[in-house]
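These are the structures, in structure tokens.
Look for chain A in each of the two complexes below; its partner is chain B in the first and chain C in the second.
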Partner chain A sequence: MQSRRSPGFWLLITLVWIVVGFLLAPMFITVPISLTPTRFVSMPDGEYSLRHYETVFTGDAWLGPLGDSAMVGIGATLIATFVGGAAAIGLWRIGGRAARIIGVLALMPMIVPPIVTALALSRAWVTLGLFDTVIGVILSHAILGMPFVFMTTSAALEGLDPRIVEAARSLGAGPFRVVRDVIVPNVRAGLVTGGLFAFMISWDEIIVTLFVSSRSVFTLPRKIWSDIRDNLDPAVAAVSTLMIVATLVAATLYLARDLLRARTGATR
Partner chain B sequence: MPSPADQTASGSGAPLAHRLGRLDPYWWLVAPLLIVTIGLFLVPLFNILLLSVTDPEPGLQNYERLATASAPMRVFMTTLRICAVTTVIAIVLGYCVAYAMAHLEGLHQRLLLVAVLIPLWVSVLVRAFSWLVLLRDQGPVNDWLIGAGLIDEPLKLVRNELGVVIGMVHYLIPYAVLPIYAVMRGLDNRLLFASRSLGASPATTFFRVYLPLTLPGVFAAMVIVFVFGLGFYVTPAVLGGGRVVMLAESVSVAILQTVRWGYGAAQSVVLLVLTLILIGIMGRTVGLKRGFG
Partner chain C sequence: MTATPAAGPDICLTGLSKHYGPFKALDNVHLTVAPGEFLTLLGPSGSGKSTLLMALAGFVEPTRGDITVGGRSVVALAPEKRDFGVVFQGYALFPHMSVADNVGYPLKIRRLPKPEIAARVKEALALVQLDHLAKRNPKQLSGGQQQRVALARALVFSPEILLLDEPMGALDKKLRGDLQMELRQLHRKLGRTFVNVTHDQEEAMAMSDRIAIMRAGRIEQVGAPRDLYDMPETRFVADFLGKSNFLEGRVRQADAEIAVVETADGMIRHAQRGLVLRAGDDALLALRPQKIGLGGDGADNELPAVVETAIFLGTHAEITARTGSGLVLGINLAIDRAEALPDEGTGVTLTFGAASTTAVRDD
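Let's look at the complex of A and B:
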């Protein structure tokens, strides 16, 4: 396929980069708007100001939600990684029809539309006294993140030779030691990737959060949501810019590490 | 491959304590997930189902209203129309991107992959905000078009269905690219050489060989994009400006504004059933795992 490339192929590549432009461009509009000196959303007219970043970093209006989001995100990630990862490992060892059925069950929170989950959890949390509590929001986000940890860990386990477990068992390791010292180190990449997914899902979650919390837990997406609905505040652009920069830094690091690894030919 | 544990779990007759003793210890690892998923997710979900036929009074009147009144029907048709249009656009563009990614090498391919993955990590709220700012009447797109002399009055690009479709296509393209790309990557390229060497033109090779072979990926992508679209809440709410009400927002209005739980529950049951049917079809045909990339 690579020997001869028709003009048609290069036409396609051009179209594809236009699509990529469409995917990436809108995110950069927040940068100039966040630097506007005016109090309303506008393109800066030769004059720039950092006042909206000052708004974000002073006072409780933005730092409060930021703290809530971080706390909820970390809690949800820990629970989702522990519960989802443990189940993936257990079912990998158990196997059979029961494991397959539970495997589908574990994916349900990912499949059910978020608004339906929101309704269900809202009712349940009111009954259980978890409504508008940190624990309640953490649990909701953990439920949404679990399927992702389950999937990535299961995928990592697929590449693991089951005989490694038998070897450890025959050398006298109990089930607990096998999991801790043999299986977990081998699927660490799957657990970490899943945990990262779980954190990002929690960090970005809005629909379920709107239904399981009201005032005492106020996450960052909730703050952005109410600001977008009330009026267009350039502070939202400043927060957006910060979040996008964080994403880009992470992506660059990933790309650099990946390239470096390909260059040196290292395997792990 | 049924394991001994499987038979133990489904076997009967033995006293519970005895059966627990024989149970594979690895079930302890699965227990937390079972407890959380069943107790804190499926039971609440079942409650919603119950609520839809008991609130405000027992009976099917909530569903009757959904089927007969004009407002819910309009919401339903709007949702299906937007999802269909969005799916077609996202799949066509996604197929092109996936094709380019599958046929490029090295840095160029890697850059493309990262460019497709980056939007996945950017908050859906941030993206909705960006589009709202870009597309509004005094926004940069309209400013630029007027400045270039192409139009005299700002185009209505947002707070209508067009804005919702733009925002949704933007969100869903990466989800269309990934399953298609996975299938293209797994394809044996020698089949294409075979087709060419037997005298087929590039166009024939593409339409008679390549396209049919990549259809499972396209199908999986279609289901995922469509199902995601059905449940969209943030994008229609922000970019539709209250004028474009889709199913998820209609549920939220029923609960948060008019506080009619039974009616909202009935709508969400419809949404859930539709979603499960589509995912079920995908699971049967291309497999859940492949579908989700």
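Let's look at the complex of A and C:
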């Protein structure tokens, strides 16, 4: 089944790799910088040091923002997944034109430019006393992440026979039990994917965060941003490198699991 | 009516209506279903038969009227409180559960102990001859197998009433025939009330104790399959349940036995039964294609006609013939002897007895 590849194919492959390299290379510049022994941003000159990683992991300067980001991210993900998933399921049940119109409304936070959302939330949170509170930031990020959960869950519901809901009810399940036993298990992939999106959006969100918090909530992107403005500390490069590594590990695990599943599926 | 003594409640629909704006999906429906009966709601699409079934199941809230089961109104009861087994169109199996889990789900909701659930699931799957597929995923099953799983799931919690919404809709013809027989046997064995919805008249005739023919949200006629076929009351029923020819005319004279109807093709003698014809009435006579013969002496009625088409179909021949007035009649001719089929274009005499026609209401 081997077929000879045309020269055009090889040209295309080369071009693709050049583009990929062009896009990804700047990211990896942070790796050597993070290993510099000097106190300022520079390429290491034959000597390497982990001192900047030490800075990241000791004291509150970086661990504090890391903790804040994790807390905000998890909180926002949970709320976005619950609200986005519930909205998608509810509108799927209602159906028709009304559902489509409300569906567009649910996507608004994704369509409206972030700076507009930022301004609106900043004013609203001051009035409601949520400005610069963890709850305020979590809610802001949840609003931004919700449309993604809504979209992925709606897509998962597309292929589901609406009659299974009625079937479950005829068998004795109340409306909430139907959601738990029948709908959620069938859209789990959509909920998880949407949740991951929501978490990633919260994790590197900066614009809205700048507008709804000042001192008491200090997320990681905010810390990086203010650090780069004030003093160029290679610790920023160390944090970036850690995030790259974490992403690569997660992606590899995900791919490995998929491959494994395909393999076992094929042998069955 | 059934092998097992019929027990359980009767279903009573009184003045049931469902309006969607100006559209009347159900229009003042009255119907009683006896305990243990196999009743089929038969009608073309849009006639309201599925709406009626879904109203019974609790998914359609009636605009007016009442549904009682064993004398108690269930209209205000949520679907999950009604305890009816329902087999849905397309089966609606849960894709994330195995066959056994699908069937066990209603028992799990009823909090039965696990060993009992396992035993009853096994029993229900054995009833539909699928015990060997318990661990499969619904997607790995054929349409007929999925249909049986849906049936087992709807029966496993021993509901007294089973509702079936076009249960054979997605199956091919051969399989449909097999499953019709199975469903009928299952009904006899269990002695429960079955209410079935279909647009397939053969399915309705094959399985039901009684058929309710629906049209435009109303019940047109209810009765045993044989009675409906032999004694349709309206043009719609005569035409929907089997084919019919229709002869229109005016009653010239009538007594208790015979009415003579003047049609464009001459006088027709009609033996009175069912709808009574009186002299001077407009009359509509339904005539089944197999009741018409070609030639022969001594028939009550004779109509000269010209053969338009003649098709040999093995068990019988289908002939269409045009009368002098331009009326085209369909004729089903049993071919038991080496009888020659008339050529197209030849003149023939159509004969039928006075007892072959049924007077129906026009609508």
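The working rule: the second predicted complex is superposed on the first by the 260 of 268 C-alpha atoms of A that agree within 3 Å, B and C clash if a C-alpha of one lies under 4 Å from a C-alpha of the other, contacts with A are read in each partner's own complex, and residues count from 1 in each chain.
Throughout what follows, a contact is a pair of C-beta atoms (placed from the backbone, for glycine too) under 8 Å apart; a residue touches a chain by one contact, two chains touch by 3 or more.
Fair warning: this is a prediction, and the values are worked out from it, not measured in the lab.
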(message) Touch test for A:259: chain B only (first), chain C only (second), both, or neither?
(response) first
(request) For A:251, select first, second, both or neither according to whether it touches chain B, chain C, the two together, or no partner. (result) first
(request) Count the residues of chain A touched by chain B and by chain C, then name the partner with the higher count. (result) B
(request) Check the residue A:46 against both partner chains and state whether it touches chain B (first), chain C (second), both, or neither. (result) neither
(request) Have a look at where A:204 lands relative to chain B and chain C in the superposition and call it first, second, both or neither. (result) first
(request) Identify the partner contact of A:7: answer first if only chain B is touched, second if only chain C is, both if each is, neither if none is. (result) neither
(request) State whether A:129 touches chain B only (first), chain C only (second), both chains, or neither. (result) neither
(message) For A:224 in the superposed arrangement: first (chain B), second (chain C), both or neither?
(response) first
(request) In the complex, go through chain C and note every residue touching chain A. (result) 57-59, 78-80, 82-86, 88-90, 92-96, 105-106, 109-110, 150, 153-154, 157
(message) Show me the residue ranges of chain B that touch chain A in the complex, using the header's touch definition.
(response) 1-3, 5-6, 9-10, 24-30, 32-34, 36-38, 40-45, 47-48, 51, 93, 96-97, 99-100, 103-105, 107, 110, 112, 114-119, 121-134, 140, 143, 170, 173-174, 189, 192, 202, 227, 230-231, 233-234, 237-238, 247-248, 251-252, 255-256, 261, 264-265, 268-269, 271-272, 275-276, 279, 283, 288, 292
(message) Applying the document's contact rule, which stretches of chain A touch chain C when the two form their complex?
(response) 160-161, 163-164, 166-174, 177, 181-182, 185-186
(message) Help me check something: in the complex, which residues belonging to chain A touch chain B?
(response) 1-2, 6, 8-9, 12-13, 15-16, 19-20, 22-24, 26-27, 29-30, 33, 41, 43, 82-84, 86-87, 89-91, 93-99, 102, 104-109, 111-124, 139, 142-143, 146, 150-151, 175, 179, 200, 203-204, 206-207, 210-211, 221, 224-225, 228-229, 232, 236-237, 240, 243-244, 247-248, 250-251, 254-255, 258-259
